[in-house]
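I'd like to ask some things about the structure below.
Lettered A, B, C and D in written order, each chain numbered from 1.
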Amino acid sequence: MSRYEHIKQAAYDANMQLPKLGLVLFTFGNVSAVDRGEGVFAIKPSGIPYEDLTPEKMVVVDFDSFVVEGNMRPSSDTKTHAVLYRHWEKIGGIVHTHSTYATSWAQAQRAIPIFGTTHADHLTVDIPCAPPMEDSMIEGDYEHQTGFQILNHFEKLGLSYEEVEMILVGNHAPFTWGKTPEKAVYNSAVLEQVAQMALLTEQINREAPRLKDALIKKHFERKHGPLSYYGQV
Amino acid sequence: MSRYEHIKQAAYDANMQLPKLGLVLFTFGNVSAVDRGEGVFAIKPSGIPYEDLTPEKMVVVDFDSFVVEGNMRPSSDTKTHAVLYRHWEKIGGIVHTHSTYATSWAQAQRAIPIFGTTHADHLTVDIPCAPPMEDSMIEGDYEHQTGFQILNHFEKLGLSYEEVEMILVGNHAPFTWGKTPEKAVYNSAVLEQVAQMALLTEQINREAPRLKDALIKKHFERKHGPLSYYGQV
Amino acid sequence: MSRYEHIKQAAYDANMQLPKLGLVLFTFGNVSAVDRGEGVFAIKPSGIPYEDLTPEKMVVVDFDSFVVEGNMRPSSDTKTHAVLYRHWEKIGGIVHTHSTYATSWAQAQRAIPIFGTTHADHLTVDIPCAPPMEDSMIEGDYEHQTGFQILNHFEKLGLSYEEVEMILVGNHAPFTWGKTPEKAVYNSAVLEQVAQMALLTEQINREAPRLKDALIKKHFERKHGPLSYYGQV
Amino acid sequence: MSRYEHIKQAAYDANMQLPKLGLVLFTFGNVSAVDRGEGVFAIKPSGIPYEDLTPEKMVVVDFDSFVVEGNMRPSSDTKTHAVLYRHWEKIGGIVHTHSTYATSWAQAQRAIPIFGTTHADHLTVDIPCAPPMEDSMIEGDYEHQTGFQILNHFEKLGLSYEEVEMILVGNHAPFTWGKTPEKAVYNSAVLEQVAQMALLTEQINREAPRLKDALIKKHFERKHGPLSYYGQV
């Protein structure tokens, strides 16, 4: 039995949630699960249909994206995951999808405005959209640079990855993360729902105002922080 | 056996309809069922996935939102339910969801215009949208005040809660109610359908006229009142 | 055994297709099947959920809408069906739904432009939309008059009910028909699909041109008339 | 046993994917599978519902569309398939659907702009849209001419059928192809997804810019060509 069994199982379970939640077509998505003690993460093999996945097929790589265990090539997005794990020390799982509505906002190169409490229950700012990368970054080590594009955009906006667990990469698609792979998948589903409702909101009212500050604060604090009262203790 | 068995079962059954009808993602919704004689209602526990619910897990609270029976925290929206039950004496069940189209109208802060007979079969006026609350109400006892925001908007518009069984809370999401929890769930599904069709109607014809008065009257009276002839006797 | 067994079974089978094809929410639709020899038709009982239907529950009425067999009230739209059966002698089944896209065009009070071959495979003209009725017609025998509103609009446009098997009733919803109940249900599904694509077409190109005459003619003749070569002989 | 068993099975399997992927309503689509050695292809019989298909019912025709084996009429689009097989020697399967979003772009007579990496993962140019045919082509051997309309549009744009495996036929609907029938079906599903996201992208940002060249090149080369690193070796 592999010493990485737990993250391979966790990565497998989380990957299998993506088609169930309607977030992927064919193989257009991947989830990873990290073991901080070992300094490695398990990730979906590249190009394998979800129905053919097993926990054993998950590929284990280190934070330099070198394969530590597994016979298959890891996801082509592995280096992006590796950069985020290395720099953001408290995340336990990462998800990348091309889900319909979130990807459309990414293609439109717009941050998703905070229009309602569904959004504010999860984060207090517009969902950020990193601009497309400079040509030199694209032509170089592309997926590695995608990780830095995300880090740089968070730094530029002064955002905390612990408070904002999602981003759109302009022209490309979303990445989400969380303390666990399950939470990262949850965030991908929330993002897709918020992305759809934001588009519909603008269609219903081109001048729809952003959510007022008092509601942003109240809804986020209902679910997060010392005074939260959502869910069970 | 609990003396509240009947409302716990009723609340459970009605809650389980929400995912079946496509009205909720994860835990974004809740239903309650009232016992007027006992002065209590059963409501979904907070943050518990629908697939983990059982009738036993429903939480019974009184109209001051104090827990009367149950080991879990009740829904974070419990105080809104309590206010509505206390003031509107003939309702037997209440539903809150973040369903996609209804929530988008709420985020757009627009009442849903009455465009057709599907709408008129259920109510004769635009589906009301209460404005977002004043900051002082939000910062205080928020969910309690949400109940009053709903009551006040109905009073301002001169609406009867027995004739209009649904409202959008601006920037937030819909609430519906009815004589029974099942009827309240039915109303949530009707609202979502009417909300989608109203958006599509405006996309097809920006100048779409509201339904004429004679049709509003005819369709509502087909289903309601002493001369109704829809359904079985 | 009822002498109307065959039309009760046919009406039942066709009604059960509506939820399967995603054309109805709750009880918002009905299908009837006619027996021309007997001068009667079987129709869904009013307000009964599809999952509770059985062939036995179908109600048999004559062309004056008098119940000939059955213990339940027939659909509230029965008189509309009766008028169409009486005047259009070659139709064998009628469907009424509030399907999402077709109803939205009806609410927008626009005929559906013929934009492509999917439409032309089934009819050569825009899908007609009858205007809302005069108040005097609504206040009188409403469902009876709805039948005449349909007949009158076909006459005004010079359409043949054998060539055009569908209509939108302005502010209300679609009716379709055909030589058999199955064909009428098929037409309702085609209408819904064509209605969705016409809306999307205008969203992609506000100036989208109607289909050219040569394509309209060719596609319709592929499927219909003496030179048709679609399907099996 | 038929000497064409393998292509009949392959055509059957691929046809059955269309309803599973949500790409067809009723019989609005067809797939064929070619045997280059025999100079024939197997295709869906015309107008037969998918649930009634069997491998035996597939019709085998040569590149002049003459039936070589089978008791049924082949798809009415057979001649279009035949022209493409005759002229494009490396394709192994062809798909025609009326899928909702791709067909709507065809009806709008617009090529689908390349807005993101989901698109660039599959092709480096806008998805082409051939103009509607001249009347003389339509009135003649229509389906045969549809094949030439596709060939001519590729020639006019200087496109390679090996790099671009999909086209919209203006006012009509999409055709896709590939080295195998499975790949052709995959391309139809990708096209539908890209078509939906392109529409949404323009709704979110009317001025959305096309994908920059460096990203187009990078994403396509990730999946294709000598330096590809997507999928397994």
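The rule is short, and it goes like this: a residue touches a chain if its C-beta (ideal position, glycine included) is under 8 Å from a C-beta of that chain, and two chains touch if they have at least 3 such contacts.
Treat the numbers as computed from the prediction; the structure is a model and nothing was measured.
Participant: Among the remaining chains, which ones contact both chain A and chain D?
Facilitator: Shared contacts of chain A and chain D: no chain.
Participant: Would you identify the chain whose Cα-based centre sits farthest away from the centre of chain B?
Facilitator: D
Participant: Interface overlap for chain C and chain D, more than half of numbers shared or less than half: same or different?
Facilitator: different
Participant: Taking each chain's centre as its mean C-alpha position, how far apart are chain B and chain D in Å?
Facilitator: The mean C-alpha positions of chain B and chain D differ by 46 Å.
Participant: Could you put a whole-Å number on the gap between the CA centroids of chain B and chain C?
Facilitator: Chain centres of chain B and chain C, defined by C-alpha means, are spaced 33 Å apart.
Participant: Hunt down the residues of chain D that sit against at least two other chains at once, touch-wise.
Facilitator: 202-203
Participant: Make each chain a node and each touching pair an edge, then name the shape: line, ring, star, complete, other.
Facilitator: ring
Participant: With touch defined as at the top, which chains are paired up in contact here?
Facilitator: A-B, A-D, B-C, C-D
Participant: Any idea which chain C residues touch chain B in the complex?
Facilitator: Listed in rising order, the residues of chain C that touch chain B are 25-26, 28, 45-48, 72-73, 76, 98, 100-101, 103-110, 132-133, 135, 138-139, 142, 171-173, 199, 202-203.
Participant: Which residues of chain C touch chain D once you look at their complex with the stated criterion?
Facilitator: Touching chain D: residues 115-118, 186, 189-190, 193, 196-198, 200-205, 208-209, 211-212, 214-215, 218, 222, 229-233 of chain C.
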